[in-house]
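Before I ask anything, here is the structure I am working with.
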Amino acid sequence: MPLWKIYHPVNAFSDVDKKGIAQAITSVYQNFMPRFYVGVTFQEVSESNIYIGGEPHSEFIRISIDHIARTFQSVDLKITFFNRINTLLEPWIESRGYDWEMHVDETPFDLWTIQGHFPPQEGTPDERRWMEENRASARTHA
Amino acid sequence: MPLWKIYHPVNAFSDVDKKGIAQAITSVYQNFMPRFYVGVTFQEVSESNIYIGGEPHSEFIRISIDHIARTFQSVDLKITFFNRINTLLEPWIESRGYDWEMHVDETPFDLWTIQGHFPPQEGTPDERRWMEENRASARTHA
Amino acid sequence: MPLWKIYHPVNAFSDVDKKGIAQAITSVYQNFMPRFYVGVTFQEVSESNIYIGGEPHSEFIRISIDHIARTFQSVDLKITFFNRINTLLEPWIESRGYDWEMHVDETPFDLWTIQGHFPPQEGTPDERRWMEENRASARTHA
């Protein structure tokens, strides 16, 4: 469900960094949904391919996220989420001197499939089974 | 209108595969809108650049779709669409042992231009002409 | 806030072109918001990786835009925006014989941070300071 796209300067992150970032992000979601819902992708963008305010920016990390499985139910939850993410990512981004920006879009729950299955609703027995088994399977409830 | 982005493992698809996939996808839309509305892009993602549940996944295909020209008018149509797509793509994805996930976002019809033209409304004479000519042109109706 | 993604044929644009395009785009927004809100990215897509209507298209430019800081307040403003963009980009796109398509999605204002800060509301003293300083900083108003 969350699909994270992290656009970053060439060689900003090692493979170890990337796995660490992906695991930090996954930790934010895994108590609320199956771990395998969390997709994180990295894409290098060279300096001549990113402009901020009309100028090339060689030290910029742009994060674009689609939330599908859940929508925020209150302003407090939104603030908590962003503060937690910004804190978690601090060692890889702010501490290294990068500028960064991120935004989330919320897309329709019922326009989403995994392995051809429509994911179960939040809190259902099927969702609990998907969390336990950490994989998609046929639903046993409507 | 639909803009498909298919993120796939390096060398997962040949050029022949890609054209076959694009044509299968186009076939789902072409009775309802001009063929040239259907855009399909492919992007290789190496194993160290995609993480599912915090782990690198070398066999994962992630499809992200923007629907612009049409919105689904019923739950049945949504289910039919996803089932048809999953069946059509089966030879290139499930049959080859890939895991896959896809989601659709619906974006505003009136924030969209092709060749500088705002596309005509569904069912208008202009849209029928665009379907017949398979290209954008100036509108003759409001 | 606006995040522009410009998918273009290999070698369609020089670095000078890209900067010119980014500056033209930024000029559309800069009277209404801080310049550094405007992010423009370029991504080459080879002919075998983009299909329009099921056929590879070696001369196609696809622009996908997320608007976060502002939503259009009237139909006239939408039309004005697209016409202005299409005119501004004409030297790099239509004049060179490329086909092109673009669409905008509007994503939630309150799901967005820059340097860890939630951007100030439109028209506030904090936003004016961000415009003057052309950088994000801690807010001084709620």
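The chains carry the letters A, B and C, assigned in the order they are written, with residues numbered from 1 in each.
Note that in this section a residue touches a chain if its C-beta (ideal position, glycine included) is under 8 Å from a C-beta of that chain, and two chains touch if they have at least 3 such contacts.
This is a predicted model, so every value here is computed, not measured.
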Query: In degrees and to the nearest 5, what turn takes the CA positions of subunit A onto those of subunit C?
result: 120
- prompt: How would the subunit A/subunit B interface be labelled, same or different, where same requires over half of its residue numbers to be shared?
  reply: different
- request: Please compute the C-alpha centroid of subunit A, do the same for subunit B, then give the distance between them in whole Å.
  value: 22
Task: Going through subunit C residue by residue, note those that touch at least 2 other chains and give them in order.
output: 105
Message: So in the complex, the part of subunit A that touches subunit C is made up of which residues?
response: 7, 45, 48-56, 60, 62, 64, 72, 75, 78-79, 82-83, 86, 94, 99-106
Message: Give the list of subunit C residues in touch with subunit A in this complex.
response: 3, 15, 18-19, 22-23, 25-27, 30, 34-43, 66, 68, 105, 107-108, 110-116, 118, 134
